[in-house]
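Chain IDs A, B, C and D follow the sequence of writing; residue 1 opens each chain.
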Amino acid sequence: MRNGTVPKILFVFYLVVLMLPIYWLIKMSLQTNTDIMSGLTLFPRNLTFEKYVAIFNDPTWVHAFGVSLSYVAINTVISVAVALPAAYAFNRYYFIGDKHLFFWLLTNLMAPAAVFAMPFFQLYYAVGLFDSIWAVVLAHCLFNVPLAVWILEGFVGGVPREIDETAAIDGYSFPGFFIRIFLPLIANGIGVTAFFCFMFSWVEQLLATTLTSTHALPFAAVMTRAYSVSGMDWSLLAAAGVLTMIPGAFVIWFVRNHIAKGFALGRV
Amino acid sequence: MIDKPVNNRAWFFVLPVLGVVLFSSIIPVMTVVNYSVQDTMGANSFFWNGDQWFRDLLNPTTTIGARFNDALFRTLAFSLACLLIEVPLGIALALCAPRKGWAVGISLVVIALPMLIPWNVVGTIWQIFTREDIGLFGAALVGLGLHYNVTQEPISAWMTIVVIDVWHWTPLVILLSYAGLRAIPDAYYQAARIDGASRWAVFFNIELPKLQKVLVIAVLLRFMQTFMIYTEPFVVTGGGPGSATTFLSIDLDKIALGQVDLGNAAAMSLVYYLITLTVCWIFFTIMTQLERRGDV
Amino acid sequence: MTSITLDRIAHAYGGKPRSESDYQLKPFQHVWEQGFAYALLGPSGCGKTTLLNIISGLVIPSEGRLLFGDKDVTHLPTEQRNIAQVFQFPVIYDTMTVAENLAFPLKNRRLAKPVIDRRVAEIAKMLDLSADLNRRARGLTADAKQKISLGRGLVRSDVSAVLFDEPLTVIDPALKWELRSKLKSVHRALDLLMIYVTHDQTEALTFADKVVVMNDGRAVQIGAPADLFYRPEHTFVGYFIGSPGMNFMPAAVKGDRADVAGFEVRLGAIYRDLSSDQSVQVGVRPEFVSATSGPGLPAQVRRVVDLGRKRLAHVTLGNHPLVVGIPREMEGVGDVVNISIDPANTHVYVADIRVQGTAP
Amino acid sequence: MTFVLDHIGFDVGGVRVIDDVCLTFQPASLNVLLGPTLAGKTTIMRLMAGLDQPTTGRLLHYGQDVTGTPVRKRSVAMVYQQFINYPSLTVYENIASPLRVAGVAKSQIDTRVREAARVLRLENLLQRMPGQLSGGQQQRTAIARALVKRAELVLLDEPLANLDYKLREELREELPRIFSHTGAILIYATTEPSEALLLAGSTVTLSQGRVTQFGPTAKVYREPAHIDAARVFSDPPLNELPIAKHNETIAVQQDRSLGRVNALSHLPDGTYCLAFRADAASIGPAATGELNFSGAVLVTEISGSESFIHVDVGIGTWVCLVSGVHDWAPGQTVTVNIDPTRVFIFDTSGQRVQANVVQGAEA
């Protein structure tokens, strides 16, 4: 498997196979249902954007898209903001119980959503947050805050400790140093962490649908409903699916060379 | 390098994280524990049930025990299958990936795309893709004469979920291995060339040892995600046919929100959670040990 | 394996040099003799590592030909060049023991086990590694790891040249001299061509039979350590070799006399007349200029530096700065001192190149 | 305005790393901390800067106890070995950083920064980012930042160790001049004795976290109080010869005995260590009045202006200095002549016991 031609062919073949299902969805979103039902084709016979137009004109879809984007954005901001000081503390100091706390965060990051679905339902119902964006925002903090801490801790480690000391010697107070010197140094780390929090919150479906019913129904929930109610409107479903891919595809280009560091919890 | 100082005032930095995660973690766990030791006769009246739920769950002869046992082994088999395919495939593809030039950026983005799609949309894609009337995958398999039907055939359903997971998450292993390989200084490859090492010798003696740290993380992430999979099987097969793809989280969801049998669901949740905790603990110790021994 | 020949080798990044300055390595013609130790010495960015990488095959030169013996290897890949290389930081196979590390190249060539074991034992003894043969390579000190890296090259009987890329950078200063003398004794024991890249003149002059002093991509002078010290062919070599470097004073030369700021300096040879506007300089090393109680040129003393084993005076002759040695027996030094310059070690440079005078 | 370390002790993980250090530095003085790697140079500097807190002892600045004062409030500047600058700020902002924090007027910042940049020849690099600079330029930026702050205490932790050989020579000349008129206490850590000698001022010799001697550099070099101080202050390593004095005869290990050594004449009988540096030994025919030993040449180290011949004389391996470039073939037998007037005698506890002061010009 020297880096000759054979590995290249294998790799390109894999990329094609990987993109095939996505292409299939895009193709179907540009076909009418009758066109789909009338048999298998590699290319849509007559291209139509009617389903996209339908979605954009339908207030429930647009509202759902807005709801999804808003709770994901708010969750990302909270996660990163809360995780920054913690990541600095974990990387720069030993303190009592730091190991156990870090482990506890890992367990929350890995906690099965199903285990928390029912308790969250009860909790937010009791607290009166049920069917509001805040329920999903706080629920997603369960795994997004630990994720943010893990990734940021890796990036904080990239800044040499001597820079903190030089700033102290120069006379910076800690807040002054943190904001004016330190944050700019891990700016791309913050960017990557925000991207991952956005993604992990955007892709999650179980908690988002469990904790909402009507007012704060996210895009995913509207999709599952569309799937069962409108009886196999495949192209509408495909169009909705394609729309959910746009945020990811748009942002990823900016963080492409840090993707691996993010997925490896900052440990690469 | 100066070692980290001990500074317990650092707790002030950590309090915000503690507050937020505690709220969304401890309170729910407390409710689960609370229900797991009670039973109900309906109409919101609960009575003490001690550890009865747990004894039933862990005793395969009882109905709920058998059900839990089946779901657990079904999920473990699924996790194992996914790991055995995804990890070697991921490493192999990382070795084939382009190392320099414009192709690197594009291939990284394309590889990462599947992981950015909401899990229910992944389910929808494959739900369509596996139908033999309108899906390429379904049509191809049926065309090959295989009796493939996701909704009726347990084997087809179970295999399909594995294929979906391999399609969805192998990119993660590729990216991690690729990053691990890129961290190897070029001098190692040059030394190996000078020593006349074969491609396999280079892989076993340089690349694999250096990938150790990254692979531990890849296996941890992959095991945990497969062990708690819910959305894809829920969308594509709804846990069916029968209970062929009713993994732990689907089963739990059915009991908790479907039958609203809180006691059983709570006990099951706790056992499920404890398993993930132990696995996390094992990996956490391995990772800290690797870190303390310095970069292998 | 006979010698390595560089036939007008030059290298420009991107391969399309427009002007002289685009060359990382300016055209270079030289033959490296078998069994000699060469050092590539120069400041950072002088092209020494580029030259080493061309010989090792990591870099294909944009111009010229590289010959091993009489075989053109310019485009031959590294593994077919039969070279060994020791890198800046120790490169060892962590998963293997010391013995397995040393045996690795021979195992790849599928030699018989007894042959491998004998060869490994022999090289281990030469490098004082016999005691650690069964230990895991990862736990050893940096200098032991560098010896293993060297050993992997030496076990091969077909190795043509051993390349060193600043191998002592990560070694503890106290252990440096030990590894240096080990490398030198290994060189004497094996009739191998060795090429050593460094920016430290002590390493270069100690290790090498011939030193290539490089600056700004050009080989300024190639010679034995003594030549570089006593007869620097270029002002850069005078400046770079020796600590502190050579003194240079603008002068006008006539016969065996040089007029430096109105003072007359006797020279060791007879030169044709050189007026001072032709950028003529007289160069003499501080070791050959000493303060004297006897007759000499009067110079103003700026500063005296006591280096323990010797004392130096920073003086000015006219308005040219000069570093002068103070003999041990001379107690105090006033603010004016007579200095005597040894004619035999005084050289004349025109446009930075040494001019050879005729014997008096 | 002195800076005093009063019985400073420092433990790391229960191990005593700095052991009862007492030092008083005078204002406007240059002090070299000389010692091998891990001798505690960096640790002492970090304690003086306030980056670490001492386990025992006090730090007095201008008579005031500053042990507990946070780093921020101290008048201190530090230059690290690996050229630490703020990567996200330009060279100008890097140098101006301490003044910006202190709230100095904008115009004054500009003049002081440009002045420091001129002194360190960074005038045309002010708008560059540290990442675009060479090693030497990055270290000059760090030094400029330390200079512009006009701190009363300036700590330089092996600032030249990572630089090219010739660049090191240049900066070594400039550094004392740069800080000489600021009136600050300058502390310069290094492992190289030649750097200490060239910087002059006074020198503190350190080994295993203990101060072995503190005094004017030339004096510490010529009159080491303890054998550890002599060992630290010798590069190449100090040559040592164990000897035993027994009523007027001075025996060397086997049966060899030495002639009269006036440095030993008045000492009581007992075992001593006769030590001498490479420049006190020469190679050539056995000169009269000198202690001479024959041995085989191991290797010759050529450093450009001097050559060091390593000779195995049976009792040990000694290093002799020869001026200029001379390469003795290894294995060749030569005679090492030791100049008896430039020899140190240490007793078994390592104290120097010589009565007469060794000759050699006073600085």
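Here is the rule we go by: a contact is a pair of C-beta atoms (placed from the backbone, for glycine too) under 8 Å apart; a residue touches a chain by one contact, two chains touch by 3 or more.
Worth saying up front: this structure is predicted, and the values here are computed from it rather than measured.
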Touching chain A and chain C alike are B, D
Chains joined by the largest number of C-beta pairs are A-B
The distance between the C-alpha centres of chain C and chain D, rounded to whole Å, is 27
Here the gap between chain B and chain D, centre to centre from mean Cα coordinates and rounded to Å, is 58
Between the Cα centroids of chain A and chain B the separation in whole angstrom comes to 16
Two or more other chains are touched by the chain A residues none
Multi-chain touching residues of chain B, meaning two or more other chains, are 2, 5
Within the complex, chain C is touched by chain D residues 36-37, 134-135, 164-167, 169, 191-194, 197-198, 200, 217-218, 221-222, 236, 277-279, 298-306, 310, 321, 323-327, 330, 360-361, 363
Given the complex, residues on chain B that touch chain A span 1-2, 4-8, 10-11, 13-14, 16-18, 20-21, 23-25, 27-29, 31-32, 92-93, 95-99, 105, 107-121, 124-126, 128-129, 133-137, 139, 167, 171-172, 175-176, 178-180, 183, 199, 213-214, 217-218, 220-221, 224, 227-228, 230-231, 235, 248-250, 252-253, 256-257, 262, 265-266, 269, 272-273, 276-277, 279-281, 284, 287-288
Listed in rising order, the residues of chain C that touch chain B in the complex are 56, 58, 77-79, 83-85, 87-89, 91, 93-96, 104-105, 108-109, 149, 152-153
As the complex stands, chain C meets chain D at residues 43-45, 172-174, 177, 180-181, 184-185, 188, 199-202, 205-206, 225-226, 228-230, 239-245, 285-287, 304-311, 328, 330-332
Note: in the complex, chain A contacts chain D through residues 160, 162-163, 165-173, 176, 181, 184-185, 187
